[in-house]
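First chain written, first letter: the chains are A, B, C and D, and each begins at residue 1.
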Amino acid sequence: MKLSVRSELFYAFENPTDAIVSVQAAWSPDQLVLAEWLTIEPFHTLVQDPTDQRGERRFRARLQGEVRIIYEAVVDNYERPALTSDLCIRDLIDLPADTLQYTTPSRYCPSDLFGRFAQREFGGLQGGAQIQTVLDWIYRNLDYAHGVSNVQTTAHETFTDRAGVCRDFTHMGITLCRALGVPARAVSAYALNLEPPDFHAVFEVYLGDGWYMVDATRLADPKTLVRIGVGRDAADIAFLSTNGPCELLDQRVSVMLASDL
Amino acid sequence: MKLSVRSELFYAFENPTDAIVSVQAAWSPDQLVLAEWLTIEPFHTLVQDPTDQRGERRFRARLQGEVRIIYEAVVDNYERPALTSDLCIRDLIDLPADTLQYTTPSRYCPSDLFGRFAQREFGGLQGGAQIQTVLDWIYRNLDYAHGVSNVQTTAHETFTDRAGVCRDFTHMGITLCRALGVPARAVSAYALNLEPPDFHAVFEVYLGDGWYMVDATRLADPKTLVRIGVGRDAADIAFLSTNGPCELLDQRVSVMLASDL
Amino acid sequence: MKLSVRSELFYAFENPTDAIVSVQAAWSPDQLVLAEWLTIEPFHTLVQDPTDQRGERRFRARLQGEVRIIYEAVVDNYERPALTSDLCIRDLIDLPADTLQYTTPSRYCPSDLFGRFAQREFGGLQGGAQIQTVLDWIYRNLDYAHGVSNVQTTAHETFTDRAGVCRDFTHMGITLCRALGVPARAVSAYALNLEPPDFHAVFEVYLGDGWYMVDATRLADPKTLVRIGVGRDAADIAFLSTNGPCELLDQRVSVMLASDL
Amino acid sequence: MKLSVRSELFYAFENPTDAIVSVQAAWSPDQLVLAEWLTIEPFHTLVQDPTDQRGERRFRARLQGEVRIIYEAVVDNYERPALTSDLCIRDLIDLPADTLQYTTPSRYCPSDLFGRFAQREFGGLQGGAQIQTVLDWIYRNLDYAHGVSNVQTTAHETFTDRAGVCRDFTHMGITLCRALGVPARAVSAYALNLEPPDFHAVFEVYLGDGWYMVDATRLADPKTLVRIGVGRDAADIAFLSTNGPCELLDQRVSVMLASDL
């Protein structure tokens, strides 16, 4: 599917502030960036970090004053394979080495606390069917709601709160999958038809021989997602990280089918 | 310094259990493994994971019954540079890309919670002197004590508890350094003269142009440490991780000056 | 039912230590203490606190050295009324004033965190039937297990851990009831046929015009319980609280049908 | 000191909602209500709860629609005794029985977690001087700031956050006092010269033979406080508690010297 994505960040920095910006579509094997434009107004020198094996692209800059960062791209996200019930869960010994870092707990995904719950609730199931049941459980048991969580909320709290936004649904999903021994990682993305339009947080699980992208909120179809960043949890995939305070002036995200252009 | 290290893990696994074992001295630029022997009794097939750029070496195996894993090595750990007060803290924009992952919070190091405390307590200081003051603060304010913490304890809890073991001191140090914007990462190590002998947890901070290893407990001199694994926190550097229960039968660690042999 | 209860606490206090001891059967309207003996060896001066309206009796003493406290009583606990599905839940405005303190969250029962879960899971039910369903839910979803929780564990943690001992089952129950607007309070008790014999923690909910005692662990029949203390949670009903360290030497509890004597 | 206090709560209740309202000046021995007026518009039937020994007065009502509650009073708060350094801390065995409930941890004051810190930081001091040092510590180490805490924030979090509002300062103070074995309880109050005017949260510690009121924020002088409610922590002294949602339309508090009228 060819998608046209656009994000515009408009922030004010009173003092010179170092920022890491992660808004560019990934150069990952599962999608092709056909064209892209990155504009930063006024001009700032950028440090483009090397693209790692996961294809993530981030740049750093020292920003000051009112800064507008506009990113546009046309991306072919190919045909993302759907997670199916018959996919197998790899034993720990059979996992690729680079998936192991996604089996351990992270800041917002304390999977070490959920071993018993995960076994009690999902232990009788196997493979992709087990993960599908996790996703169903999350959808049935969490309300999508603003104002319940904040940037420090972990899946431990969401599990009790029973509500949150895409970030929290994603953390809950990652946490339960890791508690079941399945590698799971957070993905930031552009999503078609997300209402209201915004950056989206979804996650991927490693089944069979690859990563399968899922959206625990069911607000977006994985087939329509354009990957930006990948990490252990939200701590790794923020679209904007700074080493000092900044003020949001405006922020807009839009995604369209490229054929609609 | 040439050190002779030895660890012996003796565990019982009732059922076939997949394990990740991280006891081998790292093949990192800051030390040279002169000789080593790895023995597993009875024989089990090992999957030796590829050594990454940090030099960490881990193997995986499916273990059953009573298993004894013995690792011995002679390692030259060269001359580890000491952290000095005049080393500079790099701005976020100037850090090597591969250090950025050690600036964000992790499972046991919720540095996002400590921004205000870190600024209030250490904000007036610069560079290596700031980190030295963090280390002094930890040493003055935490008791080394068993029985206060467990494997789920985070630095948020240790900060209130004011006590813990090497794992907790390390998490406290990493957390405060990251809260100050300084990359910090956990290191598992063999340590000379540790009483009682055991695997040790220390950490590294990125200052100037390199990583500096420090021991917040002051139980070991960094010059006498042999690096095993590196990661964000204890979730990444366990010497033994399994996907099922196991029983500790015996465990011994010893470290000697090689010239003493 | 006439029950003969006995507890023996044998502790060592290195330094003079102030203790609050709560082992005496309550002088509450729902039970009658027919006979009792309190022995403390060696002799220590006791401060017997006044019995409050709930009937709780506690004494204080400054203890030193090896101290043995033996309490024996014969108690008629009458016929405790069973919680039935048709009992009504009182509106906040109709509750007796002295039950209101048991509607708010306490140290180990953070009911303010569970509003959404309680409504989602139990909101469709009414009256005693709602509370019975809470009890069923706890019994189905928690494992009775030692070693998972400790004296600092709250219901927030037990909800994720899915395991604990009588203290944790009680806290989980109190928390969910309060989250539903039902007064709930912790009760320490002697229980017939508890295996192994020990002090027991249960709770009471206010329905209709009275308090109904329930045991979320189902290890004891409320009809066989002898009430000791009442409070908001375990922080209020410890059988022994001290202002300094002490060493447990031995502790025994026994309960028998008085007719068996 | 004669003070004229006034509060006006203006809330909207979509559905009939039971509320507990705690805005009336306490009928406690340390102050005298010279005159008072309570108005509720439109008319609602009130249930005035009995005044307990602490003098707290609360009423309950079933509210619907837009409701305005206006309370006015002229109160002589006498001369509150100041906490002085030479007051003694009572041993556990010597405390009045009704102070004991304020020595145990509560929802927002988990004093059981702070034993080691309290001893390390304040253990060398005695009596009132110890409590004064606790107050100094809080004032030096916490920032008064909005937006850091919320209604679920405990002293465990404030201790790390190092910021909060009067509620958080009060919880931090209560927690540290209880950790030192000193009874401490939360007090809601009207305060002269509070900017901006609002209900205030302070606390009391039991020293010598009585309760001493202190304001850890130093925003108000205890001599100018009019006591409303008393409890273990904020869970007990909310000026408005409801069993359902409500919308704040307006809220005003004013306090003046009665001689200024």
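Simple rule for what comes next: a residue touches a chain if its C-beta (ideal position, glycine included) is under 8 Å from a C-beta of that chain, and two chains touch if they have at least 3 such contacts.
Every value quoted in this text rests on a predicted model; they were computed, and no experiment measured them.
*Asks:* To reach chain D from chain A by way of touching chains, what is the minimum number of steps?
*Replies:* 2
*Asks:* Among the remaining chains, which ones contact both chain C and chain D?
*Replies:* none
*Asks:* Quick one: chain A and chain B, Cα centre-to-centre, how many Å?
*Replies:* Here chain A and chain B have centroids separated by 29 Å.
*Asks:* How many Å are there between the centre of chain A and the centre of chain C, using C-alpha atoms for each centre?
*Replies:* Comparing mean C-alpha positions, chain C is 46 Å from chain A.
*Asks:* State, to the nearest whole Å, the distance from the C-alpha centre of chain B to the C-alpha centre of chain D.
*Replies:* Once rounded, the distance between the two centres reads 46 Å.
*Asks:* Chain A: which residues touch two or more other chains?
*Replies:* Only 113 qualify.
*Asks:* Which pairs of chains touch each other in this structure?
*Replies:* According to the stated criterion, the contacting chain pairs are A-B, A-C, B-D, C-D.
*Asks:* What part of chain D is in contact with chain C in the complex they form?
*Replies:* Against chain C, chain D makes touches at 18-20, 47, 49-50, 60-62, 91-93, 97, 100-101, 104-107, 109-110, 112-113, 151-152, 181, 232, 235-236, 241, 243.
*Asks:* Residues of chain B touching chain D in their complex?
*Replies:* 113-114, 116-117, 120, 141, 143, 148, 156, 159-163
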